[in-house]
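One chain, chain A, links the two complexes that follow: it is found with chain B in the first and with chain C in the second.
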Partner chain A sequence: MVNVRPDPSFVYRICHEPRAVFGLFVLCVLTVIALTAPWLAPHDPLEQDLLYSFLPPTWYPQGEGSYLLGTDNLGRDIISRTVYGTRIALVVAVVAASLACLLGTVLGLLAGYFGGKVDLVISRVVDIWMSFPAVLLSIVLVAVIGAGLHAVIIAIVIIDWTRFCRVVRAETMVQKELDYVASGVTIGLSRIQLLLNEILPNLVPLLIVLLSMEMGIAIVVETILSFVGLSVASDTPSWGNLIQEGRQYIHQVPWLLGLPVFCLIFSVVGLNALGDGLKQVIDPVSRR
Partner chain B sequence: MTTRYLLNRLLLALPTLFGVVTVVFILLRVVPGDPIAMMTGPGATPEDIQHLRAHYGLDRSLSAQFVIYLGQLAMGDLGTSISLRQDVGELILGRLPVTLELTVFAMLIAIGCGVCLAIVGSYWRSRWPEAIIDSVIGIIVAIPDFLWALAFILILGVVIPVMPIFGRLDLALEYQSYTEFYLIESALRGRFDVTGSVLWHMILPGVALALPLMAVGARVLKSSLNVEMTQDYAALAHTKGFSRLQVILKEALRNALIPAVTLTGVQLTFLIGGTVLIERIFGYPGLGNMAIDAVINRDLPLIQGIIITFAIIFILVNFLIDLINTILNPRLRDG
Partner chain C sequence: MSAILKISQLSLCLRYAGISERILRGISLAIDSGEVHGLVGESGAGKSILGQTILDILPRIAVIESGTIDFDGQNLLRLAPTQRRGLLGSEIALIPQDPMTALNPVRRIGQQLADTLVLHLKLNRKDALDRACELLEEVRIKHPRRALRQYPHELSGGMRQRVLIAIAFSCKPRLIVADESTTALDVSVQRQILRLIRELQVSSGTSILFITHDLGVVAKICDRVSIIHSGRILESDAVKRIFSMPEHEYTRALLKATPRYDHGKHQFRPIPKALISTLQLEAKEYDRRIRDSVDA
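After this line comes the complex of A and B, so read on.
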């Protein structure tokens, strides 16, 4: 049996991989902000005050003390909206990435283990899927499903399961040939038991790496779709809506665009770094 | 048999195209929400709606609609846009040149800079220039083009307002175009003020589009150049007295291009797909911008037409990449 449990030095190795540490830090910050949004946000994100519209950040002469980074066109507090936007970003990241992982893993396991026609069909679909630009595909899908957060999540799952499927398939084909699977067959394990109890646990480290990268992708896709007006309603505080407003009023309130763009870059770079770092820690080849 | 191989590839694309057409047709027919109701508004009588349904052929059975649609497609008729009430084919042809010019411009930037980066990195292998190029590529790859575009708008459009961030042409310039290929047409007609303005407006969206392809291409090309430079023929050329740069340019580059072209082909289609968003961000009046409006307005014929246009472009691009590979790699010619 291949030892699937992380060995005792696992935590130690993560702590000594700067990218993983940075990525975990970003993930923690996002989670804390999302969970404590009601206490963290200085204002109600939906509260409008037209007397205070287009306020600049507080250090400008016209700035107002309680609106640290100013207000948008309807006098809503930019910081509060960004803070609440973190919730949507994180929900999409976790839910969409997990579901895509689930779908991709199941199909990847089937294709990799059974081979033959099953593999042929699944691999062909993956190939066709991956040759389409994701942005275009997601916009078309949302056009079909209808705008909304659920549609965005479904679209991400439908598009990005292939990322998991491809890798899981390849890895299953490798694992299938190893001795422990042969001994599993000898002691009479069923195929399902072999797949779920023996092969799947060995894929978990790989899945974690893919999952953390997928979370970054999901956040970007949600932002893109709310930017073009196909995700949550336009007054809901999401990063994409903020960016859309910021783009529209770029010459009046440039700071409206700055904060959500910064948050987005911060999360995407962080989650990418987490994936890269974990890969380094987990993968014995790149660990040298 | 080069020609036969290529013809085969082209013929193989036909089923793909048919598949795309079928899937898009079915997908868009299960859409919730009635496009006719959206276009008429609340004041319409049931007779009006019935009349419009018949006008757009929406009152027939799905299979009948599909057959009619295929027949029209074969004749090059893409139907009438519901929201803009114009011929879809004309609408697309009006926007396609805009997107094509932007795409080709971005491709040239990506390929030019990508190849240069790879050569520089490979020339100074394992020294500080390669390390810098590696980390630059790492940063570029980590951030999607959408975010680069926004970052450019913030930095070069607002903080240091040197670049235009909206549209295709200075509004002050009057220009009547016949072909919509502003760049080429204005240069040919000697209107260099227009050419300059169009180019100037293209830079930010073009660079944002080019960055991912450039980075991925440079990474792949550099590593395959590094492999080629360890081969015997490179060492031989070196002992014959060619400089390292000459060996890279004259010997290794051609062989190194083969894996690079194959691996970056998909990235090229992503660049084309990226125009949808980048055009939206920069208010660029291309096909992608129209696609998003079509989706927001639930304009089925227009969405359909645009997707089919993109599908044809992707198929042609893939074919082109095959062609380049066949030219670069003689072993494929007998395939």
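After this line comes the complex of A and C, so read on.
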């Protein structure tokens, strides 16, 4: 009998993939910041104090000890606002990406598995959808639905489900030709059971990768919509709002932009690295 | 003995891109209950297509032209699709060819065994897993409890084939189609697997249609055997009789083409080209008769 060496565990392989480790680290940091915002933020993010407006970071001569990275035009603490902004970014990332994933996966499974007319309709819709510039479409959508966090989430879902749909459809078409799906037929599983029992579990690795990348995209889209004033109310601390305010005073007080821009880049790079890294870790298993 | 499966005058063709190619030409075959019936023929003879017809898993391009398949007194080809699907796994099961690809790579062995039990025997998941454990024991898997929680890639090819055998026998089907079920295994594992299939078959009384192109395998496991070429059954009889007094010229050629330990090298002869072309002519002749009778 051939002796099969057990695989190194999943956790072990993740630990040896630097991009996945970095990505998980970023995700953890963001989550911790979002959860502990009230304790982490040194000030109330909405508290205005016009006496302290445009304070520079503390290490400047005019700096103030408790406002580590300075204040904005209304004297609100930059750090506190960025910390609270993390909450919005993360909520949008998780909720919008999950819903887009759900919608795209369901339609992709149907299109890939049933083929024929079902596939024709769904694929045409995807093609048409993808021919619109995403950012423009989201701005139009939010303008129609009305500004606000829920509108941003709906817009992202409506635009980005196609990313999931395309990939899931293609992979389902590959899967349904495979031997074990055929064996599923010979033990008498119904079509729905085949889809849920045999095919869907094989898509999970792929979906995890897509999901982490989509979270990065969702954060960017939310920031863009905040920036153009179509997301949360303009005094709510979101990264997009902070960047937008920073832009107005960029010549007088350039430090306003620093932290929110860094957070944006940090999280998007991290989530993309997570997706890439997980793809590396997962691929050899799914290709076996 | 009464036949559990009786195929008569089954013809089938594949239609694609406007052309139609006949694969099965008036197949008649009876499988008695409790017997292992070999189906032997060279590559492309139509063995797998015949198995797929019985199981109702034909490719979409296949069209059944004529014939009946009587299973347990009812014509399978007349059954409603849902009724027919209901037989799969419970009354008629398959032992697939390639153990490396026939199991889902991301689901545990136990879950995959439990599927059939939940579906056909209406067990709940927990009972199904207990039963799955017993089934793994019956197919001699050493640590059945552990195997239940393992993934296919953690098992060797022989072990996986045992799992597939366990799945096939799990609902005590009346007929099992084994399509080249041991071809992908090395010789010593193959022998163990054949012995296992035979044992389970004897104790359960299940009939098996054993598809292979290896007469050595037929000698080990089959009671009767049918020789197929170009979609036609050339002869069909008890294994002993076929091996000792083959009637059809092709069968004789096939036996001579099978290497055996007790034969010298010079006695191993390929099948004569002339014989093959005669058989192909006969197949064409069959097609012409069909065409004429349709036109008339």
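As a convention for this text, the second predicted complex is superposed on the first by the 276 of 288 C-alpha atoms of A that agree within 3 Å, B and C clash if a C-alpha of one lies under 4 Å from a C-alpha of the other, contacts with A are read in each partner's own complex, and residues count from 1 in each chain.
Methods note: a residue touches a chain if its C-beta (ideal position, glycine included) is under 8 Å from a C-beta of that chain, and two chains touch if they have at least 3 such contacts.
All values reported here derive from a predicted model rather than from experimental measurement.
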item	value
Contacts of A:182 with chain B and chain C, given as first, second, both or neither	second
Partner chain in contact with A:95 - chain B first, chain C second, else both or neither	neither
Touching partner for A:264 - first (chain B), second (chain C), both, neither	first
Touching partner for A:202 - first (chain B), second (chain C), both, neither	second
Contact breadth on chain A, by residue count: chain C or chain B	B
Chain C residues within the chain A interface of the complex	55, 57, 85-90, 93-94, 96, 98, 101-107, 115-116, 119-120, 153-159, 164, 167, 189
Contacting residues of chain A [partner chain B, same complex]	128, 130-136, 139-140, 142-144, 146, 220, 223-224, 227-230, 243, 247, 250-251, 254, 257-258, 261, 264-265, 268-269, 272-273
Touching residues on chain B, where the partner in the complex is chain A	16, 24, 27-28, 30-33, 142-144, 146-147, 150-151, 153-154, 157-159, 165, 266, 269-270, 272-274, 276-277, 280-281, 291-292, 295-296, 298, 303, 307, 310, 314, 318
Sites on chain A touched by chain C in the complex	1-4, 6-7, 178-180, 182-190, 193, 197-198, 201-202, 204, 285-286, 288
